[in-house]
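Structures are listed in the sections that come next.
Two complexes are shown next, each including subunit A; its partner changes from subunit B in the first to subunit C in the second.
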Partner chain A sequence: MTALARRLAVVPLVLLGVTLVTFALVHALPGDAALVQAGTARGASPESLAAMRAEYGLDRSWPAQYAAWLGRSARLDFGDSLVDGRPVRAKIAEALPTSLALALLAAALAFGVAVPLGAALGWLDRKAWARATSAALYGIYALPVAAVALLVLRAGAPWGARTLVGMLPAAGALALAETVKLARYQRGALLDALAADYVTTARAKGLGPAGVAVHALRNALLPTVTLLGSELPALLSAAVVVEQVFGLHGIGMMAFDAVMTRDVPLLLGITTVGALVTLAAVLAADLAYGLVDPRLRGRAA
Partner chain B sequence: MSAWRRFSSTPGARLGLAILAVFVLAAALADLMPYGPEEQHPGGVTTVLAPPSMAHWLGTDDRGRDVASRLVHGARVALLVGPLAVALYVAVGLLIGAAAALGRRADFVIGRLIEIGLLFPALLLLLAIQGVTSRTSLAEVAFAIAVTQWPYVARLTRAEALRVAAAPHVEAARAVGAGRLRLLGVHILPLAATPAITAAAFGIGYAVLFETALTFLGFGVPPPTASWGELLAQAQASGLRPWLLWPPTFAIAAVVLACNLVGDGVRAALSAPLQAAGA
Partner chain C sequence: MRPWLALALALAVFPTAGCKRSRAPAHSDGGAAGQSGAVTVRPNAPELVQCPATGCPLDFDEAGPPRDGGELVVHVEAEPAILCDLVEHDAWSRWIVENEVVETLLFQDPWTGAITPRLAASFESTADALTLHLRPSLKWHDGAPFSSADVAFTIGRARDPAVGADARSDFDPVSAVETPDANTVILRLTRPAPFLKQALAHLSILPEHLYKGKDLRRADASRAPIGTGPFKFVSWKQNDELVLARNPDYWGEKAHVDRIRFRFIRDKEVAYQLYRRGEIDVLWQVPATHFDEVRNDPALTGHRLLVWTPRAYFFVVWNSERGHLADPRVRRALTMLIDRQRFDQVAFGGHARAITGPYAPGTPSYDASIKPWPFDPAAARKLLDEAGVKTMKLTFLYYGASRSAEQLGTLMKEDFAKAGVTIDLASVDFAVQLDRLRHHAFDASALQWTLSVEQDNYQLFHSSQAAGGENFGSWKSPAADALLDQIRQTADDNARHALDRKLHALVHDEQPYTFISMREVETLLQPRVHGLLPSQDGFTFARAWLSK
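The block that comes next holds the complex of A and B.
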């Protein structure tokens, strides 16, 4: 698996880049955690602000702060939250299951609905209603995630439950745009596959419609599988909006709060873990690609 | 077949242009609406959260402002932020992506740069950037969107630039002594720009969606400026009244759909001659 090894070698480089950008950005924020916290108790003296900054290490230059952070985080210690003093690792561990459940549920919904739907629309492309459905999907794809989430909420979906079933409405709202995108992809891939030479050959040799469908679908799964992996950053972004609407305390809302309170250690921890999760998903999609297409096994993706 | 013929023979491309034209017209003539977008209780009568009526076609919001006026004025924000953001990130993505054709080392650096950019959950980065610029304006929202979107254009352009760089006409130009920058600017970039131009057409729709999400979360164009994301936030804050929820939803979907339809047309207009030439 040389391709996998080469991809894994890039991981530290990418993590370094992502955290460096975040660090520089957060440092450029006007005000800092000391000011934000003092803001809740107005009239903090300059002395107490300085003491607070010294305590958090905010008085040092940002490259120095970054170097210190890097040393600690290599040991998986992301420091303590500047807002409530709890370890960042514990806070993320609390919020991550909610976000992962939401994202995985949404991905499962999107994939589970999109593959059969897209394949059916591709297979039945000659029928007028299938074409009309494809066109209608384009309209749904244009809906903003915030509006979808609000509409689901308005439809009176039971929500807020901490169970997987209770999360279904939120996951559905998150999955809708992705489902349409994947279904359109799947439809196009099946149409391409059906027009390919090997399908013509199989037909000429007497393969029935069912056989042709299976034959073409297997190859048409390829682009959809990789797309799912590369769509995870978009899914995580949309999750911030969905978590806000449904009041879920996931990573997205935590990142939102971290920006508002200038909680640097928490924000850095979240971006690092977020990048790791995304990298893992992209790698998993690459591996799945290899499983579906034997030609690609062991080759650079 | 001319590019325009290929464009207009794509299903929906002309419909997309027509929809966009309607919204551009509405944005341009927004000041003709009977009420100002930030005017509270116009006419001196208290009309908070009133359903649609003859006086207020789309009802009023929780501060008694006319929803129809705010919707039409919101088109200005969407139609300014979208194209501005796209122009910014397509230019940056084009330059960075094409620079990969300068050599192996440049390609390695740019390849990693793109990978880092693609991995960043866009909204997280947007939140951070919006925090940086405390006083948000249209330009800053566009800038924030551009920062998260350039890697996609750069990735497309890089692949195309590397392909074009191996073409015979580039080799010929190099043989007669063209320098690296001249090769890049004259012989590679114009040909490698095709995917980026297609992405730009679709990109305006994405940018509108991003702006909506940002403003909805409270990080975009600040209130009381009327924007579609802010209208959605108002709908959430006011018990999901249908006349507050549906108009922005419909407006955003119409603009995004129109951009996607136009994007399909642009793709058809640009890709066909290359295929005909046996590329």
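The block that comes next holds the complex of A and C.
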């Protein structure tokens, strides 16, 4: 698997690039963490601001800060949050399992429902009701996730769930738009495949409807599987609303807060972990791609 | 679509960011004493408790005698980062910890301002010293003895500029803190200190044995506070909940409920849904979208809807250093161009009260004879002509997450245009807004301040506070400076209140701020909840109890 090795070799470079850009971006923003912490507190003094900046090294130039951060994070020490002084590693370790569980659950729901649904709608495209269903899916896609989530909560879904089963309603709300998108994608892919020359050839050779379906679906799965790599990270970051409505403590909300409070160490920690998750997902999608399409095995996609 | 919605929803939870907590001076002649909330019991709807402007004594609750036991579940909108008053300026931290876990030497009635003993059993004031006699044989929750050394330690940290505590400048008149024995603390004064007792009523005493030599932000005790109060800290899961348990060894009247669970729910709508499901006992704030529904819902019969006004006001600060804004006539004209009543209607559904100056309405510092400048575009235009202003261009800087600030900006844009004043709206995040306010890099901006019973406005309006303080608008008035200096030197309550009222009148004339309004809060209580007492920031649960 030289492809895998090559993939892994790129990881440090990607991490370096992503964190460098994040660091530069945060430092380009006006306002710093010391100021946010002090807020409009009456007692905030030049001394207290200076003390805090010195304590967290905010008084140095940003390349110097970045170099220091890089040195520490190579040893997996992401420093302490500027807001509450707790180690970034501990904060992420608390939130990441929830986020991953939510995103994976949502992805499983989305792909589990969308692939059969989309394929069925594609296969039965000549039926009027199937066409009507496809059109109705557009309507669902347009529903705002916040409204859906609140409705689900109102219907009695648990708040602050800590189990996978308890998280199902939240994952469902998160997966809804994704499911529709994927189902429509899958339907389109199957329709394309059914219109392709090789299917016509297979039909001409006397292959029955079941055989044609399997033949076409196998090819039509390829584009959908490709999406797995990009959709998982997207689900991870789209979870802010769902996390908030269902009282789940994930990294979506944590990242948002980190930006608002200029909590650079926390933000960088999350960025790094997020980049790792994304790379892992893309890698997983590549491997799955190989499984579906033998031609691609051992090749770097 | 999703990123935007996410942002909008997530942002909707910072409504009071920019809020300032400050302490208050004593005045024993409290204007609000004796006033009570008007209670309306209605069939098939929640009981309505309309509190007067000056507070809510909560004497509507006569369901006693109190019953012991049970767990009270309380909704908290924003989670504090650190549970230590000296370094956490968020009011929620105080709401959770002050009164319940850690305690102050003195207690200030949040509405009348009256000062009574707490950890200090008694105190004597002379011209050059304040002597406090602590209750004997008090113990910290971890069993260690409480002593005057803890008090001296805490005051020392509060005075340290590197700590940046809210109360720091209140201790400026203190030259030394003496502890002749374990139960006595003497504060030596170099000058009159009218705000000192009030500062002590809001300074939670920290255990020296747990904090000595440690950074206040990083000490374990700032995450798991040890105090002397009626409740002990049990646990805190970030983004989830904080649990307190009844302290069976409390020195005073012991609490009734076994546990209090504070649930951190940022989204008001979500909190409301959980309240309707019975998962929350105290809903801090009913979302504006449900005001009417809640008032008339038969399913809420027996619940109580408490309508009260926190002492916080919403205002526009004008940068008095910039161009035409330096002219008080121009600022007054701009005030008269802002339709504050319409704004209250649009932003708060009419659930707001007018305010004309930087003191709490109903207190002796507030001059009730001053009426708000009217919304009068014609008069405003005349004033602008007098000041020689034909057209003017301004930028309104606001925190984008604050819907009310955005609504205000939109409204101003509309009305100002008719008078030849162009206003651009600049929506920024809180860090940027603060940065630009502190560097005076703005024309106009909207903020909210929280008031003490008697506010010391030195930090907001003294010219010396334009650099490094909170005089964001650089308003420099020799008359105001003289008043503010004098207020800090005047120990006599009546004389000082008269000066406060003079400052109020001056601020009203010169309009360094346009005072918009104070927003009402509607708090919902489940039928089983009794005995909430008002505190500086909301309620205290020290006497709360649950009926079956």
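Just so it is clear, the second predicted complex is superposed on the first by the 285 of 301 C-alpha atoms of A that agree within 3 Å, B and C clash if a C-alpha of one lies under 4 Å from a C-alpha of the other, contacts with A are read in each partner's own complex, and residues count from 1 in each chain.
Just so we're on the same page, a residue touches a chain if its C-beta (ideal position, glycine included) is under 8 Å from a C-beta of that chain, and two chains touch if they have at least 3 such contacts.
The structure presented is a predicted model; accordingly, all values stated were derived computationally and were not measured.
Clashing of subunit B with subunit C is the outcome of superposition onto subunit A. Once the two complexes are laid over each other on the shared chain, residue contacts for A:51 go to subunit C alone; subunit B is not touched. In the superposed model, A:154 lies in contact with both subunit B and subunit C.
By the touch criterion defined above, A:70 reaches neither subunit B nor subunit C. In the superposed model, A:144 lies in contact with both subunit B and subunit C. By the touch criterion defined above, A:256 reaches both subunit B and subunit C.
Residue contacts after overlaying the shared chain place A:196 against neither subunit B nor subunit C.
Look at A:240: by the touch rule set out above, it reaches both subunit B and subunit C. Of the two partner chains placed around the shared chain by superposition, subunit C is the only one that A:85 touches, whereas subunit B remains out of contact.
Of 128-136, 146-154, 164-172 or 254-262, the segment of subunit B whose C-alpha atoms clash with subunit C in the superposed model is 128-136.
Looking at subunit A, you'll find residues 29-30, 142, 144-146, 150, 153-154, 238, 240-241, 244-245, 256, 259-260, 262 touch subunit B in one structure and subunit C in the other. Remark: subunit A residues 10, 13-14, 17-18, 21-22, 25-26, 28-30, 135, 138-139, 141-147, 150-151, 153-154, 230, 233-234, 236-238, 240-241, 244-245, 252, 255-256, 259-260, 262, 267, 270-271, 274-275, 278-279, 282 touch subunit B in the complex. Residues 1-3, 5-6, 9-10, 13-14, 17-22, 81-82, 89-90, 161-169, 215, 217-218, 222-223, 237-241, 263, 265-267, 269-270, 273-274, 277, 279, 429-432, 434-436, 438, 447, 459, 468, 470 of subunit C touch subunit A in their complex.
Looking at the complex, you find that subunit B touches subunit A at residues 11-12, 112-113, 115-116, 118-132, 134, 205, 209, 212-213, 216-217, 228-229, 232-233, 235-236, 240, 242, 245, 248-249, 252-257, 260-261.
Interface of subunit A with subunit C (complex): residues 29-32, 35-36, 38-52, 55, 80, 83-86, 91, 94-95, 142, 144-146, 150, 153-154, 156, 159-160, 177, 238, 240-241, 244-245, 247, 249, 253, 256, 259-262.
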